[in-house]
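These are the structures in question, set out in turn.
In the two assemblies presented below, subunit A is common to both, partnered first by subunit B and then by subunit C.
Entry: the complex of A and B
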């Protein structure tokens, strides 16, 4: 009995628990307003499950994927502001390879100018290299991550614009559509990709020592170096991963709309990703990180957006509404609130124990 | 050394002056390259002015930053250009720099986005889209179309997908949409949400609407991009865009024409970026000494749909398939 309550008090202190509670609360409100919010049906025309919950997970894919990398960057004590711009770059390159020259290939149709394998790999390679560039500035140049990644945040969209001559290319190439609009095992493809990415990152960080190294570098780089961890290498790998993941998110985004949108693709994704990580319980000052928490954080952000669309909050109030919910979630997770609840459960525990003795 | 430099500078200035003396110099401060629409706008004005004999264009791309545009306008004043064409990235904050333009006595032509301070400054002519009328036409088309297929008396559910909150196109078109809805009492407004003028958000908003609103008959999207995004969401929900849900877009970009011809979109209300044909004759007339009133001149714009022939009072719709080949953007 006592042990169980100890677990409870530990859970109450964990930020992840509060993130889950917040998500469940928002969903509960949705359920109370519209009981059919949770209904999921099979849609024969697309071969996919169909429902608001599926939408939430599906639409959160880009942020979840990016924030897997962002979690590691933040665990290192940094932030990566360039992820949104990299989303635009990946989309621009993919569409460039699909269409090459809109003046020659005037109508968007079911064709690709370059081999499809290049359409998929080149954007990922470029984004990974751009991530590596960020990592290089941070690790070798000793530049603060927020400044180093600001460079690509600002010029990334410019690169995307140049690649496509400032135009929006559209395509109808069906294999490309599969990434964002296809399905596998009755689920939308972005969900499948997200699951694969989350599992891959989790295995890489938790089944190897890499995760521990990241946390160690995040807490104290010099001490880690002295204890034999190559901090530079860790930083390079983390930024490379984040770049690569932004590239994957970029492919999903552009496949959803079957075009590139250098101005709006990935706009403010860096903020959403940072928010997802923070809601998920990873501390901005570095150290311990929680991938599961980040996934919940990302889901919370998307649930709020879906809530706004679903229940028709007026357009002007949307931003204020989102901010309000996020503020409540963050306050719920703050140190004093968590301590208060943990204390209460400890008191209960003490009462239960003494009651048991009597 | 200094003297040589000074001499070179004087020479260059003299050369410039002599070059300017020959040509009419028209400076253009553009917002930047934000969309296909904007690109078409720039290209059209560029070709029109550069292609005109004896005219020279000084073009400045503001890269969507107000400070760049202010800098550009001040440069135009120092260069003492003959005419300034201006469209501002935002609607406020231009008072001071435009007054400087007035003080330098350079004729100012406002195009596309008319700044809020327009009544406080002097300008020789203004051309801009009539967003309220565009919004009115969107709803009126839906209403008239429903009448034409014999559904004029049945109640239909309408959703409005708005643009970026606060953008002049959004406020104007919303005003027009809502005003026109009053004239068609059978059109019931059941949803109103911002899709931020982007395809991705248009898709996400429509996706949620299809689940939260039991029956949607008409979608009014304040630009074509959002309409195109919504079409994907409608397909994913197993419905047929253009039939189960009537879709009215705005802007008339090429992709919308393709979509109308393919039968997935019903109508697009034009918002033309092609100002060259207004600006060139105006400047020609100004050179001759003619004067224009300060009222904003709206370009003549069409409405394009699947079959054509819907009468909207001010304009009659045109069959998209007939004109698709001539579209420039």
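Entry: the complex of A and C
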């Protein structure tokens, strides 16, 4: 009995538990409003599974991918504000390579001007380099991550606009369409990419010592330097990963709309990603991180949006509901509230144990 | 305290190394302004009108930057300012056009909303220990969402009171041949500019002359020491966020007077522009350092770049963003240099 209670109180104190409970509650409410919420159907014409759950996971792909990197940045005790701008940059470069010059190739169609391999790799390389630039400012310049990444956040969209001369290109190139709209194993492609990214990051951080290094640098950079961890190198790698993942998210985003939209691509993605990480139970002051929690956090954000659509409320107003639900989750996770719960369950345990002894 | 402090001469006071960042901001502003004067002096870049327009076009950023500077000095951050300002504009637009209320009623409602939200966020930050970034981000989502709930379309503000306030202006005069005449090309200052200047003065007074202001610096320097010294840390932090809410609402009013409409997506990303102004004005995001005069020149410095691009006429306006980013990089490097060199001196 007492042991069960310890497990329970441990779970109650874990932030991830709260995130999972919140997600389940929102899903329950969705199910009560729309009983067909969990139904999944197969569409033979596209070879894809359809349903609200699939849609939630599909639409949360970009944020989930970015927030994998963001989790590591936050575990280091920093934040990366530039990810949204990098999404725009990746889209702009990809579309620039697909169309090159709208004056020579006036109509969008099923063609690419530059080799497709460049369309896929150059945006990723540029985004990774931009991430490296952030990492360089933080690791070598000793600048606070939030300001260091503010630079690229401010001018990233400018770079994206200038790359495409402030124009919006569209394309019809079918291999490019596959990234955002194709399917594999009955699942939409973005879900597959997300799964691959999540597993890759999880393996990289948990099967090597890298994750432990990140946590130790996040808790105390100077102590970890003294114990022989190259903090600079860890920071550089983490920002590089985040840049690269933003690039992947940028390709998915622009493939969904088959166009570059430097004004709106990735708008507020940095905010959503940071929220996903925090809801998922990673502390903003750095240290321990939870990739699984982050995935749940990202799903919560997307589920709220879907949930609000079901009420027939205008799309832009979702933000207000998002704010309310997130406020509840964050307040429940906050230190004083968790301490209060922990104290209550400890009192109950004490009563139980003392009662047992008598 | 005053009795055993050596009375410093004016010269030693203004050459104090803690003002280096402010001087850097002012210096770089004049360098860029001089550069513009050199290139486009013949096109009218050096006229008083161009200079005054820097204030008119950016008054709303400046007003918000006053509150933001204080928040940043406490070591916090407030991402909700753009959304709260936008919501204020929406209150005024919706209230006057749809509900037929007097603008002052709408402004009062906006003040209650803005200051209330600010105080609430301050409480959550201090008492529940939620990071300021997350708290104010939620505040931003909330304000932006409510804005969209009210209306998704831009609403024009048509009310005689707002019109008269927006068109009220003082022409700059000069004395020539026995009478006062308007200077050519005509330059004027309006309500927004005056509000901006007043807010800067109020901000300077609060930070430099009041106990509240000293508490703000103390908390930013080291919150733990401040609370061990018995300073009212909680009250100060909550009030700073409340004051910033007030500034956001005033910025929203100023923006509404400037564009005469309310739109749910207006001032998107405005919070980061405001933070940029404060940072290039020499405020450290780590807290404890920052001056209103620096923020004033930070706003001017940030606004002189779009002015230059407009005068050039050939460049895409996006170059402005890139230039601002580079400026930010430059200032961060200077700050870094100042911090390392001063710590070496110790």
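Going forward, the second predicted complex is superposed on the first by the 326 of 358 C-alpha atoms of A that agree within 3 Å, B and C clash if a C-alpha of one lies under 4 Å from a C-alpha of the other, contacts with A are read in each partner's own complex, and residues count from 1 in each chain.
We take it that contacts are C-beta pairs under 8 Å (C-beta built on N, C-alpha and C of every residue); 3 or more make two chains touch, one makes a residue touch a chain.
In this text, all values refer to a predicted model and were calculated from it rather than measured experimentally.
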item: Clash or fit (per the criteria above) of subunit B with subunit C on subunit A; value: clash
item: Which of subunit B and subunit C A:52 touches, first, second, both or neither; value: first
item: Which of subunit B and subunit C A:44 touches, first, second, both or neither; value: first
item: Most subunit A residues touched (candidates subunit B, subunit C); value: C
item: First, second, both or neither for A:161, with subunit B first and subunit C second; value: both
item: Touched partner set for A:24, first subunit B, second subunit C, both or neither; value: neither
item: Contacts of A:314 with subunit B and subunit C, given as first, second, both or neither; value: both
item: Which of subunit B and subunit C A:265 touches, first, second, both or neither; value: first
item: Touched partner set for A:212, first subunit B, second subunit C, both or neither; value: neither
item: Contact residues common to both interfaces of subunit A (with subunit B and with subunit C); value: 161, 166, 314, 316, 318
item: Parts of subunit A lying in touch with subunit B, wherever the complex brings them together; value: 34, 43-46, 48, 50-52, 55, 59, 107-108, 161, 166-168, 170, 181, 253, 256-259, 261, 263-265, 305-306, 308-312, 314-316, 318
item: Partner subunit A, residues of subunit B touching it in the complex; value: 33-36, 39, 162, 165, 191-194, 196, 198-200, 203-205, 207-209, 211-212, 229, 232, 235-238, 255, 258
item: In the complex with subunit A, residue positions of subunit C that touch it; value: 77, 79, 124, 127-131, 133-135, 137-142, 144-146, 148-149, 152, 264-265, 268, 272, 275-276, 279, 285-286, 316, 318-326, 328-329, 332-333, 336
item: Complex contact set, residues of subunit A against subunit C; value: 79, 81, 137, 141-144, 146-148, 150-159, 161-162, 165-166, 267, 271, 274-275, 278, 284-285, 313-314, 316-324, 326-327, 330-331, 334-337
